[in-house]
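Notes follow the structure.
Per-chain residue numbering starts at 1, and chain names A, B, C, D, E and F are given in the order in which the chains are listed.
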């Protein structure tokens, strides 16, 4: 049951969680799951192209705008737990301290699933670095010898990978389609918060339509109009075939 | 719920369904699912090595023994619907008539999932041929223009691939682990029916133990002692992450 | 220069050439290239689902409709040379006679490039069979010892693969993006000919938009609004990097 | 020890065994191994381009020339057991009878290793068909239930794949390098028998030089000047690392 | 001959060399080879889960236990040269100093083969880091310009990769099977030294049984009861096929 | 037209650009393109084996020789813009400062294409590091938020990968063949500058011959005698098929 789920979403930049998982997040919140969102960087350098067209633009201003947009979008999706790690992007580089922090957060949240970037994004090295980081932290979190006072080790939770922008060139393969028909309007509203990446709104609307088509074709679920797909890092473990 | 499931299992030879899916089959039957089993060939030529050690052995006799063993094993697993297609093996070759027959059977049974051999078995060309055949028939079954009087087209059902004997050389990757702890004793009993392949009984007991270890490690399900894994031909389509 | 090109397009079914290459075909015709189109099957069994919903539908009637639609669409794209090979589909099976015929056609047309289905379509075994067939015929056509009286052997021409419907599951990787902005309206008009596959029109409009986005992102060509992508069977051979 | 080895080489066309394994064959013969050579087709249609440039050339004449060249080259390599199966090429198609014949030959020869074409040659569908055929026959040969009166089943022997002409496009990966320095002069002499494929002689001389370079670089064997590489179908089984 | 071999085994943690190569190591020692063992970390954080269940456990105590166990197991296998690099694990991070040290050790030992972790272990990022490190050091060791006073450059030695725990998910493919029937009892005894990883003893006993089955099936060596498999980083270079 | 092209070539070591792209560089210069060459390290440690055979050799002297050779070879190819970054090799490690410098150089040069090392070289970890570095810098250069005063962001330019020494083991696949027949004599002359790597001259002459053979076979361009191949990081974007 979704209300027993705890979802941790780790987003490289301010908007990634919306384009790539906004429908799933909104659906989980709506159905009573806990959703925790970590935005590592607001993407001042790498994902704010349109904002930098303004004359006399400054990094501070871009950061303010992006943070506000990200916060607003998360609110529309219903996310209450959002944290900004305030990292610089392009490139994102992780310290040992951040690795320890993430292990601690995983052990506090104890997610049933983590969604983050997939193994490879042929056009965005930051996304690759985030995958590697989250994967490593999730493994460390499972080990009793990695001591975090007051917090016990976890068991391996499922890890899901976001769709990158150009899937085939990135070697992305959908491992699961989530029907987001019921939360699609929220996803659209959340996407519309990002002024600096306006060209992506239509793109990701169509992506949801395309994945809906795929999901119907693969399953016969006729009422699935919109979907999001995710890669699986690990195979499913279940009571039966599903 | 498992009692709403209809499982079609297509086994190249007399014992494949036991080694590779016996625990899952027994669990499904036990939990009220319908299970239909098709054994294409009893494997007189390719999978009866030990029987051929008997002096003056004949193909007829081997066939009798293998059919009886297969039927007995299916019974232990609780399968009531079993059909033998009586094909010659090594090599298995499919006619147009058999392709039409399989489409018809799929439309009659209307399986929610089909389990058969995976795409590639590096040591058994028959298994490869069966995968190709079942895949093709499942696609044809979904098309309204392939006419089978009195039977309507299906929607795409899930296709699962059996583990081949030597997985890594065959490019096999587990897509799902099914916990078979509750039906494991039945699987063992069913495996013990096959006299001609006695060396495989210990092998597949250990495989179930190994897959149980993997399933626990990947999920934290501490009570999963034994498991079977299957490849996925298509990704999962679901209401949420699972 | 495009007016020196001779394009051979081999389409498994009546509409494949439109969804998958309609923009490129129209652009080539418009710019003076010769385009030859072979439709192997009109797809009565496998690609006419909606037509079969009509009560008392017959194969003859479906075939008439599909042939007319295909011919009309080809006309809109400007194609004058179209031939229907009238094969049955689902499954498509090729005879030795057809292999000889295709070699002969390749030697008559002497295409500078052939476009056909790509190596693998995870949801359509006919498409796989066509790829294999065309590839084999193109290789035979290059060999002087394969005698076709009055027709000389060819040199290896480029082979391009169509996008399959679900690209990532099929292992499809774009090898080239063709800017179809100028011929996109014709593609849309041609797609609208296919009544039995109405759900695909919106799908392939969006695909052209998506590929336009990809092409811009990968090249900086700001005026490329719509594109089609193709796989390459062979690498490019050129005077310089391109 | 090489004198205990029995090598079966299955060559699609008249010259394949020379370009791709001539040095290894000669070395084995010289060191006392038994070498059996099967030439499935002399390659009248697909591998005799230059001969077909002669005016009034006929298939019979090409066949005579190719057979003579092939026999002569085999002689230079020291092969005494050569059989021509006289199949037509481009395309090579195998009958059930030929499959039975090959199983019988494998059981008569009882090779310690089989060398034939590798899984995939991007420019030669015949080579792919031969790989599939030999692989299937080798598996059938190992099964006691495939009855060949008077001949017992074999155990799995090693299978090696020839280098195709364009390796990277064919997905070819060297699994073993054989030092052919001592037999290289024989290989060159044998290659020079093939008048219809003169352009390949220099090509395969250089290939032997290149593989010699690779072998030295990977092993420090300074005296390895020339080498041939082969793909492995199965991993090595050994007493120690080797 | 094995007595001319010098084996360098680089183990990420205290027990890896036992689970993954214990049989091969013992066999090499027994047959007169030199075996040098480097244990980079005893695995206090990542591979001592059971020890951390003791109340008031400390890192120092865990380290003591693990070091003693590792030393004892090495002794059972007959290894005399063992060095503990005393690195912290989870994550293992390599300094430039350690890279230089490893190059120097390789040049001192001059191994004919190195065994270490394979390219990828889907559940253990430390193992991946060790592979990368050892590979890099082996290449540097071969280069004359990397100066280590008093020690000459090596030639490329063979590199073998250990089996990871979950092979298929890690993309592991066996490149060679080593028959360890004669040293299997020692491997079992050595495995029993590791109290903190008791669940792995049965697991790796069964792995040796499974690999023995595979080795027999692939080679007909009927007396091979137990085996270990390794990946190959480089292909074999040899005098003949082997 | 080639005279509108601006080529940036990033070479890990002093000679890489010659072996791997010398013919293409010379052809571009000859036809009026701008060519900018960056040599990151002269390869004192990793690519000067023969020089280190001289008694009392010093790093300074090796560096002098290699720099002079590299400069001379570039001159023969017609390159006027060459810069030596003077990095230490084996291993090459990149600082944040160097990443910023490279972004700035890309924005100054505004290359239409960048040629550098391909994704993976199984025998040279430096080459892998350079690929990763250049790829990352090219992506950063395209982003408006990565500020370099006075220099505007670029659009994505094509990235091409050099052939590694052992292609198949490195997973290298040719994406384009460039006909270098007209500039081949210059390539040979430039290669002859490198005394420390004399064994590679014959090797790369033969490579050019082999790639010429491949290019002719794949295209029918009969006059292409010598070629260089490159991998493509991104697919081509074009007005038509090409």
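Criterion: a residue touches a chain if its C-beta (ideal position, glycine included) is under 8 Å from a C-beta of that chain, and two chains touch if they have at least 3 such contacts.
Treat the numbers as computed from the prediction; the structure is a model and nothing was measured.
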{"item": "Least hop count linking chain E to chain F through chains in contact", "value": "1"}
{"item": "Other chains in touch with both chain D and chain E", "value": "B, F"}
{"item": "Centroid-based (C-alpha) most distant chain relative to chain E", "value": "C"}
{"item": "Interface residue overlap between copies chain B and chain C, same or different (over half shared)", "value": "different"}
{"item": "Maximum centroid distance from chain B, chain identifier (CA atoms)", "value": "F"}
{"item": "Centre distance in Å when chain C and chain E are each reduced to the mean of their C-alpha atoms", "value": "53"}
{"item": "Whole-Å gap separating chain A and chain B, where each centre is the average of the chain's CA atoms", "value": "37"}
{"item": "Chain D residues counted as touching two or more neighbouring chains", "value": "123, 156, 169, 173-174, 217-218, 234-235"}
{"item": "Overall pattern in which the protein chains touch one another (line/ring/star/complete/other)", "value": "other"}
{"item": "Pairs of chains found to touch, sorted by chain label", "value": "A-B, A-C, A-E, A-F, B-C, B-D, B-E, C-D, C-F, D-E, D-F, E-F"}
{"item": "Chain A-touching residues of chain B, taken from the complex the two chains share", "value": "2, 5, 7, 24, 27-28, 31, 113, 115, 154-158, 160, 173-179, 215, 217-221, 224, 227, 229-230, 234-242"}
{"item": "List of chain D residues in touch with chain B within their complex", "value": "99, 135-136, 139-140, 143-147, 153, 156, 233-235"}
{"item": "Complex interface listing, chain F residues touching chain E", "value": "43-49, 51-53, 59, 62, 90-91, 122-125, 169"}
{"item": "Complex contact set, residues of chain F against chain D", "value": "123, 165-169, 172-174, 199, 202-203, 206-207, 209-210, 213-214, 217-218"}
